[in-house]
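Letters A, B, C, D, E and F mark the chains as written, and numbering starts fresh at 1 in each.
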Amino acid sequence: MTNQIIPSVKRKQIIELAESGKRTDGRSLTDMRPVEIQTNVIEKAEGSATVRLGDTYVIAGVKFAIGDPFPDIPNDGVMSVSAEFVPLASSEFETGPPDENAIELARVVDRGLRESKLLDTSKLCIIPGKKVWIAWVDIFILDHRGNLMDAAALAGLSALLTSKMPKAEVSGEEVKVTEEFVPVPLRAIPVNVTMAKIGDKLFVDPSLEEEEVMDCRLSVAFAEDDQKQEKICAMQKGGSGTLTPEELLRAVEIAKVKSQELRKHLPSGGK
Amino acid sequence: MTNQIIPSVKRKQIIELAESGKRTDGRSLTDMRPVEIQTNVIEKAEGSATVRLGDTYVIAGVKFAIGDPFPDIPNDGVMSVSAEFVPLASSEFETGPPDENAIELARVVDRGLRESKLLDTSKLCIIPGKKVWIAWVDIFILDHRGNLMDAAALAGLSALLTSKMPKAEVSGEEVKVTEEFVPVPLRAIPVNVTMAKIGDKLFVDPSLEEEEVMDCRLSVAFAEDDQKQEKICAMQKGGSGTLTPEELLRAVEIAKVKSQELRKHLPSGGK
Amino acid sequence: MTNQIIPSVKRKQIIELAESGKRTDGRSLTDMRPVEIQTNVIEKAEGSATVRLGDTYVIAGVKFAIGDPFPDIPNDGVMSVSAEFVPLASSEFETGPPDENAIELARVVDRGLRESKLLDTSKLCIIPGKKVWIAWVDIFILDHRGNLMDAAALAGLSALLTSKMPKAEVSGEEVKVTEEFVPVPLRAIPVNVTMAKIGDKLFVDPSLEEEEVMDCRLSVAFAEDDQKQEKICAMQKGGSGTLTPEELLRAVEIAKVKSQELRKHLPSGGK
Amino acid sequence: MEKKKLITDDGIRYDGRKLDELRPIKFQIGTLKNADGSAYVEWGRTKILVGVFGPRESHPKHLALADRCYIRARYHMAPFSVEERKSPAPSRREIELSKVMREALEPAIFAEFFPRTTIDIFAEVLQADGSTRCAAISAASLALTDAGVPMRDLVSSMAVAKVEGKLVLDVIDQEDKQGDSDMPMAIMPSKNVITLIQMDGLLTHEEFIQSVELAKKGCMEVYAKQKEALEEHFKKTMDREEV
Amino acid sequence: MEKKKLITDDGIRYDGRKLDELRPIKFQIGTLKNADGSAYVEWGRTKILVGVFGPRESHPKHLALADRCYIRARYHMAPFSVEERKSPAPSRREIELSKVMREALEPAIFAEFFPRTTIDIFAEVLQADGSTRCAAISAASLALTDAGVPMRDLVSSMAVAKVEGKLVLDVIDQEDKQGDSDMPMAIMPSKNVITLIQMDGLLTHEEFIQSVELAKKGCMEVYAKQKEALEEHFKKTMDREEV
Amino acid sequence: MEKKKLITDDGIRYDGRKLDELRPIKFQIGTLKNADGSAYVEWGRTKILVGVFGPRESHPKHLALADRCYIRARYHMAPFSVEERKSPAPSRREIELSKVMREALEPAIFAEFFPRTTIDIFAEVLQADGSTRCAAISAASLALTDAGVPMRDLVSSMAVAKVEGKLVLDVIDQEDKQGDSDMPMAIMPSKNVITLIQMDGLLTHEEFIQSVELAKKGCMEVYAKQKEALEEHFKKTMDREEV
């Protein structure tokens, strides 16, 4: 059975420090940890990126493959986002198919990318109703030190931003993949910001220690289109705690500011 | 380890009562529990029904989809019957893929429906050898209070009896599903009757309590064709006890009578 | 937790006996157990064989089916080797999907058969790039008394050597399987020899008892082509012990001799 | 799927409702015999059955928590509940919604009263026509009450979508698929706290604030219907006991 | 599959047998070394190997029963046993037949002699040509005896089909697929009780009664062959022990 | 895949190397925070990350061994590591390589020092361009050292292939696919013993003997690079501690 004593001592300490605006690792409540993004790290992938968010370490790779469209959107390509909690990333992770946390992570990142209209899937069509490009975005967690949501979203986004897409030539029903590459048709750019609620405070970019004692977390993704228009494009509460309506609105305000900060770290498009 | 004391006390009590032709819930040995069938409960399904057999509660839905025929019967459509023991139905049920009990149930119901020649699968062919209708019959157990076999068979049958089938139009190799619906091509009607053997008595439509202490059960399905001809179309013994040949023949006699009774509850075809 | 006392006593005894060149079952260190191969035991299979290697008992069946080629070798048929450790073969085996031992066994046997160029897969093509023959080689372990590797390899090989292949007729895109059978296009013949290392001795064709206390095993397959040319075609070390380079070379020498011995037991081709 | 216009110029929706109007919602409590607690809801054409077992012994035992009850939840769709038959194996969507449903309900449960035990919440979607997670959560909180689980409050849930530029309450399938955003929310009404919020689609900051307001209004209407159902249920139970 | 006529006007079947004639059936006992008991049967072209382990410690432990032995059975077909290669993963049919086989054998086992233990019965169908469950059950009861499991009686099994209007004994593949009904039955012969009965197809009440009679006759013939095999096996074992 | 000539008449390979020349190999130790030990290797374009956990409590408990540590290993490829996206579910190849990797490392570990515990070795192939098992094993022995697991020796691994009639050292993808044989080997260099050997393809007896010699030479070069990486790592660690 899970021992609950150590977390409750830690929690008390974290809350007390926060009263004076401080955190155990020296950050203020709204500081992100250092962000480091490297792209094109996997030459065999059409796009790839590693993200270090403090000590949290994530890699994402993008592969394009030809496949069938969904019957209800026959003229659109497909983007598929998966996340794997690789067992080397944490003593808590286990081998086996993705659990509910990995699935939630992948789906939240997916919604952020999808709902921002980042990828113009209509341009991924090869033969309408028959053949389309599938963009596989695979995110692997390599070291889990808190806030996987933002690190994974950044990694997936950076990999897509720097992807090149193979070009297909069609003659009749035959599809041939050429040696040529074209840029991926991208539009608005989503950035995700996660905050943990502990007591009555919000902690931006929570560390693993903070996540272990948090009441709940809120992730908010802001998308910015080419006219620099910002909109909320995805949101997800996680964990068993509650938020007051005021906390919710405050969190959205914070996310708006921090997402602008994070944008500066993004790789520029194409490669 | 399973406690065996309470069941053996119950069993003794049930056997003693049965000596005077009585059961713990007041029924005679050959009484069914009240039967209540509601059809067209799921508007999105092509056919559906809930069945209450006493407190046992089952739902069945029928969906038609276009698929490939089996290679050895290229001109016949397909009927596929599944059963799920949904965990809300019993504290004994667990999440996960169907266990041997759910699979046996589905297969016995399937054989009853199939061997009675209820569904004329030759009329489910769209393009011979290429495209046929698949009739998915999904049975969900919602409350398990004994005799799932008869309740599930009634639910599956009632859903099929009241199904409407989408109409497909063929031009060349292209298949288009129209907005039109046609009746499902049905023939003889099978009705299943299950009896539990406890001691040397047969209990028609056993309750959960009776099933927990039974030696074995026997399910017998009678089919009636449009000339009101009755035939046995499926039979299954379940459980670790034995039947004497005399008990077997007696059970078939009883099933013949009770299946006629059950027929009166069936919905009339079409919808 | 596994008891380690009995094995260590046995190991000591086996090593002491080996000092004078003897084994617990009376063999010399380089003796194989008696080999008995029966072919065409499963009339419904296109090829089949049982192998008894001492008390180890294995069956293999070959089935041909029409399927799709791999995209990167569109003009070649496919050979697929599986192995199942059927639970009746040992109190250690369990039901469920193949474990790492069964998978290793199948893959080593597969490599032996494949890399010897035994089967000329280019002759298994029906319509280039579209339809090819798939040769399913299924190996079932029926009684595990040591050295499954050699018994399984012999069974798979013998089944293939005595297989007949259905003949397909092509007209346009249509493929029709005729009633006729043709010989399977075979070339060089691989034979696998496994040795256990216990202490500093090599034990050819180890018994179950020897395997339980061995340091490691080495399997070496020699292929012989129609010019009676012999080459090494597959090798696999198993188990957690080590081999000195000298032991490795000695083992290969032994395998060369023993593989010639085993060749005499092989069924002659065709049937 | 063909796109039709979903809102008339007069602000009337596809199914005849006004922008902030709920569908007919009807809760029924105690419909199952085996479950310790149960509730059935018809929420427009969305139909969901929820059963609760527990607090009961944790199995397997290593799930047991020393200081509170372990809560499991399963959101599951019947194969016939949607247009195209759905495989009965849980999809990734169902696995996420199971987690989200559990986390929406947990804050309302006095889990610390039952250390070392497990509560199971099983929701079966029999027919899906939008807002299934809201309906499942709202019904589940009634099933928990029916099971005698001590609760801090009910949980009431409602979704708001942006469709053709307008915010609409209580989203149906058609609106979800064609709409620009979907935002399900759940609250503990008498505590005024949020236990579930998810959003996808594009909303301006202003629209988001309005959406939260509208969702809250919807949750309060659901809350009223939940309380009605509870009253009716207890009345029935007492009547029965008096007999 | 092409439909040929399966029975001549003289009542001779596809494979030359008379209507109530069994195929050649040969049991062999004790063919495996590792299994505690084993039997192999060639039943026409149907070939099945059965191994029995136990009574042995229950694993996992929660399977253990306080008052009797826990019995597991697996009916499994080799991929090469049928016309089209079968995936080795257990099909729904194999899962049902495993249950049915277990329930046909359980009444014959003195399970109460071995509380808290498990007996495993594994049947591998190496070639399938009809009546595989009958052959597996009959062979399994010999394998149980070989394992020294105390038995109330052997279990003997036989199937009857209705083919082209006639009842036939010991059904082959072709007859099963083209026939109008199939009815496998198993009995404990010296007790005159039925441990397995299944039926599908269409039979009048009268035909059913005749089918049961015919199946019983077949079971008794199987019983005779089982006893023969046992005698031969014990004779061999004693000869060996005397040496 | 089109077949190009892989070796020039002057004995220069596809990627510019000589026949017995290794690709640039760079080990990095201690790259992960959570793992007890870790190592990252870039071996030409092959990129692998290895993490080690343990010795730690065995879970589930029945895995515990009374006299030594239980060692688990997983060799796994990321979906984006190869030309065609690979499903993340472990393939049969990955399951075999996990076993082979474990057995190549086990002889070097003083497993008897840690009875009843488990050591987990997880290798993630981030990019695969030939010799992945050699790279994974070599990196894993560094990760084990980093985790403080007492070792008899490092394990150094290298593959030799026969390509267009010539033996070549340190095999890349292209050579593996077009070559006539592939032979990965691993040794404990200071003990001069082999912990891994596999071979497939056709080799004469003479060629095999030469292959073993060549592989050994390659292993020794890897060993030198491993020691370099260790020295650098310990230097860094000590520098950090002195601060």
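Keep in mind that, in the parts below, a residue touches a chain if its C-beta (ideal position, glycine included) is under 8 Å from a C-beta of that chain, and two chains touch if they have at least 3 such contacts.
What you are looking at is a predicted structure, and each value in this text was computed from that prediction instead of being measured.
Common neighbours of chain E and chain F (chains touching each): C. Counting only chains that touch, the fewest steps needed to get from chain A to chain B is 2.
Number of steps on the shortest path from chain A to chain E, with steps defined by chain touch: 3.
Chains compared, chain D against chain F: the Cα-based superposition rotates one onto the other by 120 degrees, nearest 5.
In terms of their C-alpha centroids, the spacing between chain B and chain E amounts to 27 Å. Computed centre separation for the pair chain B/chain D is 32 angstrom, with centres defined by C-alpha atoms. Inter-chain spacing, taken between the CA centroids of chain A and chain C, is 48 Å. Touching two or more other chains at once is no residue of chain F. If you draw each protein chain as a dot and join the dots that touch, you get one closed loop, with every dot joined to exactly two others. One full turn of the ring, starting with chain A and passing chain D second, gives A, D, B, E, C, F. If you check the complex, the residues on chain A that touch chain F are 41-45, 48, 55, 57, 59, 61-63, 65, 82, 84, 86-91, 95, 97, 136, 138, 140, 142-145.
The part of chain F that touches chain C in the complex is made up of residues 1, 62, 64-67, 92-93, 95-96, 98-100, 102-103, 106-107, 116, 181, 183, 188, 191-205, 208-209, 212, 216.
For chain E in complex with chain C, the touching residues are 32-35, 38, 45, 47, 49-51, 53, 56, 74, 76, 78-85, 88-89, 120, 122-124, 126-129. Against chain E, the residues of chain B that register as touching in their complex are 1-4, 72, 100-101, 103-104, 106-107, 111, 114-117, 216, 218, 223, 230-245, 248-249, 252, 256.
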